[in-house]
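Letters A, B, C and D mark the chains as written, and numbering starts fresh at 1 in each.
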Amino acid sequence: MDRLMPAGIAAPELDIAQWFGEETSLAQLRGKVVLIEAFQMLCPGCLNYGLPQAVRVRKQFPEVVVIGIHTVFEHHDVTGPEALQVFLREFGIPFPVAVDRHDGRGNIPITMDTYRLEGTPSTILIDKSGDLRLTHLGAMPDLQLGAMLGELLAEKA
Amino acid sequence: MDRLMPAGIAAPELDIAQWFGEETSLAQLRGKVVLIEAFQMLCPGCLNYGLPQAVRVRKQFPEVVVIGIHTVFEHHDVTGPEALQVFLREFGIPFPVAVDRHDGRGNIPITMDTYRLEGTPSTILIDKSGDLRLTHLGAMPDLQLGAMLGELLAEKA
Amino acid sequence: MDRLMPAGIAAPELDIAQWFGEETSLAQLRGKVVLIEAFQMLCPGCLNYGLPQAVRVRKQFPEVVVIGIHTVFEHHDVTGPEALQVFLREFGIPFPVAVDRHDGRGNIPITMDTYRLEGTPSTILIDKSGDLRLTHLGAMPDLQLGAMLGELLAEKA
Amino acid sequence: MDRLMPAGIAAPELDIAQWFGEETSLAQLRGKVVLIEAFQMLCPGCLNYGLPQAVRVRKQFPEVVVIGIHTVFEHHDVTGPEALQVFLREFGIPFPVAVDRHDGRGNIPITMDTYRLEGTPSTILIDKSGDLRLTHLGAMPDLQLGAMLGELLAEKA
């Protein structure tokens, strides 16, 4: 079972090349619990587990801010922003999605590297104070994600 | 979306005719978060939603105490303790189950009446201080139940 | 993958103690494809797989006759006709259900024994000529059951 | 409920720009029951219903030939053969997939137009004699698809 990390380590700012939906930043979201779903549009686990779960959080927890981040580390040629835009519209993704920036060296984009994500889907939780409290790779039971959200929502900013 | 009730109202003690599995009481469980699943063995919503969810909580949250309570308010003749025992074994219910006591007046058993439950399945949450924090009738998304469990677990006793 | 048995062996008549819903017999159903779902009301596999699949067949194949048969071979005391009647109503079983007759010797009821069923749920298929074409124990993919129904429906009586 | 069309109308040959997996043709498949799943790689209904069902048929019916056809009629820029190749590998599609040919006029590719498909996912069934017996748009219960396959498999070539 996953557990939240203790508070105390600030979540690094996202380094974003492009936004679909309303642009934001972690600095702007201070005071809110934030769930960031890191995905790739042609990753089966993202389509089957990660993104549907993030959509459920968005629908069931109006006080949690949900953001997607497209962390492309493979198949860059066919999953660029133009393809992503089609994907987001066809699949009806209801939250803002950011394109993780590449610095032109290697395959791993900058934010994915900064957060040391090991693949997709990955779920990131940030508390009201802007601290990083979870990075989780792969599917996670709703009960467990819910428990961590409940704990973060109950914390004072 | 369900939310926890504020603390301050003590959960009434269970009034139990018979236990299957280890007997306990709310008094003994003080200091623990407790989930009580009120069900009837021939209630489809209990079999499809309430009991499987309680089993998931039992498996995923070792620090939460899960109890079933058989609150028979209809079909008493065919859902007595002998039938319940078969049901619990056949369906592999992994937590202790209490039989709500009838006082011989009316169809509603005593604990169900005390907690003002409106039907089955109903989910009851009790905090570490023994206060009643939720009674919920019917199915509930795992994310939401998880959030309430996470909040209760994060509270100090 | 299950396959139909060749035609040529007549399905033995059902030996029924009591009907819930419209009484019938295999003799009366000659000319129709018949699916008989053998179940016990406190058998998890029956509730999770066998009965829901039989309900789907009933809803999707108006030209197939679907019958349930309650083949009680364990827990007789708590799954008698009175309990079964509650079960059928609570779970909304939409097809006629027959209670397999016990001859008072051993636990296995007569029709279950005649058909050599090995447990519940079991699915029986009978063709338009009244021949026995399948007895299957346990869950079965819808595609495969559908294929056998499609083949039987295409046969001439 | 869908039903097979009567035999008598030959299925038009596929007009294919490129194959992934073993190349074939309807002429070569004469004598076999053929299921063709028409899809687009960024179509949610294809990912959630059409393709998983075609994969189940492939796994459960070794005597049925399953083929995918990528009938791109929208978002051509981001769903070309290079993107499709990634998709097929990432999603583990286990059957040969053909790219429907465009004639450079309009958005609808040639085979899709010839078969008068109205969208994706569409399921096509061809009998052992090479006749077209079904075109179905959208999701379809496994029981019903199974019944049509069972009927086609039972027919003589």
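List of remarks:
Following the convention adopted for this analysis, a residue touches a chain if its C-beta (ideal position, glycine included) is under 8 Å from a C-beta of that chain, and two chains touch if they have at least 3 such contacts.
If you're wondering where the values come from, they're calculated on a predicted model, not measured in any experiment.
Common neighbours of chain B and chain C, by the contact definition above: there are none. When you average the Cα atoms of each chain and compare centres, the chain farthest from chain A turns out to be C. Inter-chain centre distance (chain B to chain D, centres taken as mean C-alpha positions): 50 Å.
In this assembly, the C-alpha centroid of chain C lies 35 Å from the C-alpha centroid of chain D. The set of touching chain pairs reads A-B, A-D, B-C, C-D, using the touch definition from the header. Of all residues in chain C, only 1, 56-57, 60-61, 141-151, 153-155 touch chain D in the complex they form.
Interface residues of chain A facing chain D in the complex, by the touch rule stated above, are 42-44, 47, 75, 77-79, 82-83, 86-87, 90-92.
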